[in-house]
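Please see the structure below; I have some questions.
Residue numbering begins at 1 within each chain, and the chains themselves are lettered A, B and C in the order written.
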Amino acid sequence: MTIAAPAETATGRLGELIARAERLYEDLDFKAVAEWKSKDKTRRAIGFLPVYVPREVIHAAGGLPVGIMGGGDQTEIVRGDSYFQSYICHLPRSVIELLVSGRLDAMDGFLFPSICDVIRNLSGMFKLLKPDKYVHYFDLPQNFQRGLGGRFYGHEMREVATAVGRMTGIEPTDDRLRESIRVYNLNRKAIAELLKLRVDKPWLVPATEYYLVLRAGYMLPVEEHTALLNEYVQLVKDSGRRPMDNIRVMVRGAFCEQPPLALLRTLERAGCYLVDDDFVVGTRLVHGQVAEQGDPWDALADAFMHHSLPTPSVYDERHTKGELLVRKAREVRADGVLLMAPSFCDPALLDQPMLQTALEKAGIPFTSFKYSEDTGQFQVIREQAGTFADAIKLWGTV
Amino acid sequence: MTVEAKKDASQERQKAMIAEHFNKLSRAKEDGRKVVYTFVPGNLTELLANFDLLPVLPEINALQSGMRGKTGDYIHLAEKSGHSEDVCTYVKADIGMLKSGNIGPTGEKLPPPDLLLLSYTGCFTFLKWFELLREEYDCPVVMLHTPYQGDGKITEEMRQYVAGQIRNVLIPELEKLSGKKFDEDRLREDLKRSAKAEDDLVWVLESARHKPSPIDAYFGGVYYIGPIFTSFRGSQDAVEYYELLRGEIEERIKLGLGPVTPDGVLNEEKYRVVVEGPPNWTSFREFWKMFYGEGAVVVASSYTKVGGLYDRGFRHNPDQPIETLADYCMGCYTNLNLPDRIKLLENYINDYQADGFLINSVKSCNSFSAGQLLILRELEKRTGRAGGFIESDLVDPRYFSAANIKNRLESYFQMIEAKRGKA
Amino acid sequence: MDCFIGIDLGSTTTKAVILDGQGRIVGRGITNSRSNYDVAAQVAKQEAFTSARFELLSRELRAREGISESERERLQSELLAAYRHELFLGQLDALEAHCRNDLQNPRFADSRRELTQALEVILQGIREQAKAIFVAESVARSDFFRDIAGSAFIENASEISRGGGPAFDSLVGMFDRNIIPVENQPESRGFEELLMAAYQRLPGDLREGHAGLAELLKSIAETELADVRTVGTGYGRVRLPFPKDCIRSEILCHGLGAHLMFPDTATVLDIGGQDTKAIQVDEQGVVTSFQMNDRCAAGCGRYLGYIADEMNIGLHELGPMALESKRRVKINSTCTVFAGAEFRDRLAAGQAREDIVNGLHRAIILRAMSLLARSGGIRNEFTFTGGVGKNPAAVRALREVAEENYGKLILNIAPDSIYTGAIGAATFAMRDMAGVKAGQEAA
């Protein structure tokens, strides 16, 4: 349920584009996926859970990677709650709800990246509830040496590629994978453009629009998504939107269970431009470009192990998470940081004290609060974010 | 129902072993010995011993603090310093203990770590835990990534990955720290002793197949697993402890005695149950009493397998010293996928002729808890035996509601009784 | 007559049920649980015995010739009203005694005279009003002395203070300080004494129209009702003054009670003030699995209470209001702590009261559904018990959601489902005794 009133509505071509992204966001029956599949009998869709899988691998085997990011705030939980105690986060409830109500039927397989114990165990639940589907726990490496973690990870990737290839009848050759890397590099480039524009001129890119166009990448074939991103960036550059007296904030903690759109609106209304965040972070966990030459499996492994954004689920080997956070905040000229974590999210909440220490040392203002994907009350958050913004505007600190 | 108990010799022995270990720790600095903090599931005790390093297990400290009624304050302290009320209370109890002077379970101050060995088996929170400790201590961290048995097996790739990390990352780091060379022959000797103690432990755990069971495999079981799950595996002490324990249990069986409880021997076994999930530590005795007070004996439990599933055949193998450590790390209970956990519990219920099973769902531990309601449903379906579900926490006293738990347990045991009455 | 008694100590009310040797319900009693469970159990039991004797009377009267059905009903209801009236006056006397004693406290030295006078006027007023309260066939909002006397006390006290008497607070304070000892003090007169006093209160035509009525009542009062065995259950049952083997879990009692009321029951849902239970029973009423809510009261009856308070309306008005809803609103939190805030937030966002309230009902039912699913789902027939069963919007939501997920079902709701646990307990008492006898015979 959306309590806050809708954001200023975009019109014309921009309006159509946003409406399309919003339809994809609300498509919790994954009709778009079923439609994509219906065009060719050999097409297969692989659902993956937060935070990150190398989608190139699925793409190379002819599959469509589809992000399963929870049920949002519109899914009524009838059966999902009966699988989880009250002290477990919300996302797995809605995912189970989607599964048992048949809304994930368009998926031919599921990947559960290794990010936390809840998602890990959810993989076993899927195995039990859908014994006839491909369900795989995708173990991302925590050792980052090429001969150890890299080798193990390469094997994991090959296994997924082979499994998907068996479904589609397409062999995931090195050449195909190189081509997939190239296609995803274009997507990464388009995302980088969007991120840059938001840092430079955040008034052109409202938080909900940003979220919707990014999230569309978890539903659309990558080629279409790249086109959508490029068009969006062009359209908002020409939109003539004007700056407001907002502060610039960075958001951390929302990498898995996604905040409802109404929460993003609430933050913006409270006077915050979101200039950096970790929403649907899997779309851009690997930053920069992945090597298009050489061994493509190694290239993907290297990218994950050495060129990815810090996230609480991946071991911080070099002990730099605080430093990187501060550096990023300076780079995007953030006035402050919102540490917003889902309730009961162990990785995000255990990370917070470390991030707070780093921010305190650097003198960067921050505030923290919890949410869940179906949060329906925003009064407290509105007041908190509003006070935070006002304090920064008045005194430059809190 | 119970008669006065005397302390068994094995109990005294274990107490002395623990006291000596903590004494060594308190003297570590003077003695020039290095200290390594690490975790119970998938611990590499024999390897640490190879370099004469002294292990400290923060989980054990947290649960001991819980039993001594300290964790309420520790957790409060951690929450005051910015930790969320939502997260694992072992971590918060440990951080609170650290902030209160790091006084260990025997009242002696624990030495700071010279190394944090992040061997994380079956729990993501371990990773955060040592990242947090790293903020407090100026010492290196070694990560040993243990892949999860997502597809219900340990593949050759997984084994090579873990063994490779032990060989190429961990051993060099331990050599650097200790200034000693890795001694493979010594490791083989230690692993032989490990396997010997493991044989006796399995015998003890399986003695619960007897009717009446001579042991409680959960509340009593946590004492029996103590030495082998912690700092003593591979030592002569552990071998002797398990011989002693086994002798005592053999005697109990001969005499037809039931398990020892804090109130004496339980002689009337009314209910045999299997328990899934860790116990609550802050009200451990009270919780136990809710079982033996009703004549209920736990004949098998999954918690006593978090440090190794020896009863399913695994033994440390001196012939492949590194690979066997890798297999051990990956084979602990919390590293099993949900279907295999269910299969294991189903087998326990059948093999130990249990009247039913109980799940103690702890708030802190998502590794255990997420999915337990599906475990409940599946086990009920597969075994037709009575299933019960209770909720508590490891060491947060706020999450142990005695009246509520007692109510559920009584209802549960009466339900078994009523079902029997019908048969 | 042999009596088997079941007592269900709930968090808000205590219920007692008496079965005769054939397992027929002959008496029911209910009282508020108060702070003292022992007294509550005693009072409920006493009430159940009273109702059992009235049941005996009814049986006797039926057996008599020449009394028409309507005549008999009138006699019974007049007698019951008169009996209650007597009981009430007795408690009122006790209240007076406690209040007078209380006023001896030195802190009332200056106001004692004034307060004593006011007390006398108030009590006189209540005694007058009681005549109108205890008339046959009147439906009292509540049977509890605390409620009836309390509202009459307030009414009379406010009139006095408006008329220039002592301050309202000081008058009501007298009631508040003394009601608990009154509640904790069982009636001193025996049944016979009360019944005969009630007989004297009957309208003349009834007393004269039935020859030998006084003798009949006397014999009813003298009939031996043997308390063969009592089984206790419920929230406070660990504190019941019975040996351990006379105590049964509320889950077992509830399951059996529901089975006795509706023999084809397979699944039972009970939503009480502070807890929700989902129970599966077999064809003999034996519990095969159960689930209860965790330690917070989210989604229980209490939650609706908070919402009613927030809206400043009576709890019973909530259901009918929800039935007026035109649009479905999805409520995400059933947390009692956030209930008020979420409600205000939604009102502020322009949502209609009826729609929000309806959404809240659905949210509660969804929580119950998750307990049901954990316990093994809903099987036919499905019996719904507990206070929330009186709420039409909750029942409608339950029916909808149950059928959406489990198909067409028979949904049983008994008007007196509040006694479910006590009926189960009384049946256990009876079966235990049969077991003891069988054991003795075998020996």
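Just so it is clear, contacts are C-beta pairs under 8 Å (C-beta built on N, C-alpha and C of every residue); 3 or more make two chains touch, one makes a residue touch a chain.
Remember, it's a predicted structure, so these values are computed and weren't measured experimentally.
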Next item on the list: Specify the chain with the shortest distance from its C-alpha centroid to the centroid of every protein C-alpha atom present.
Entry: B
Margin query: Can you identify which chains form the pair with the largest number of contacting C-beta pairs?
Written below: A-B
Notebook entry, point to check: Which integer distance in Å separates the CA centroid of chain A from that of chain B?
Noted result: 36
Next item on the list: Could you put a whole-Å number on the gap between the CA centroids of chain B and chain C?
Entry: 48
Next item on the list: State, to the nearest whole Å, the distance from the C-alpha centre of chain A to the C-alpha centre of chain C.
Entry: 54
Next item on the list: Would you give the residues of chain B that are in contact with at least 2 other chains, written as numbers and ranges?
Entry: 373, 391
Note to self: Give me the residue numbers in chain A that touch at least two other chains, ranges are fine.
What the structure shows: 82, 85
Note to self: I need the residues of chain C touching at least two other chains; which ones are they?
What the structure shows: 294, 374
Next item on the list: Using the touch rule from the top, collect the residues of chain A that touch chain C in their complex.
Entry: 1, 3-4, 73-74, 76-82, 85-86, 374-380
Next item on the list: Could you please specify the touching residues of chain B with respect to chain A in the complex?
Entry: 81-84, 86-88, 91, 118, 120, 123-125, 127-129, 131-132, 134-135, 141, 143-145, 147-148, 150-151, 157-158, 160-161, 164-165, 168-169, 337-339, 341-342, 361, 363, 365-367, 369-374, 378, 391
Margin query: Help me check something: in the complex, which residues belonging to chain A touch chain B?
Written below: 82-85, 87-88, 92, 112, 114-118, 120-125, 127-129, 136-139, 141-143, 145, 147-149, 151-152, 155, 312-313, 315-317, 319, 341, 343-347, 349-354, 356-357, 370
Margin query: Taking the touch rule as given, give the residues of chain B at its contact with chain C in the complex, in rising order.
Written below: 373, 376-377, 380, 386-387, 389, 391, 399, 401, 403-404, 406-408, 410-411, 414-415, 418-419, 421-422
Notebook entry, point to check: In the complex formed with chain A, which residues of chain C make contact?
Noted result: 294, 296, 298, 329-333, 338, 341-342, 345-346, 349, 366-367, 369-374, 401, 404-405
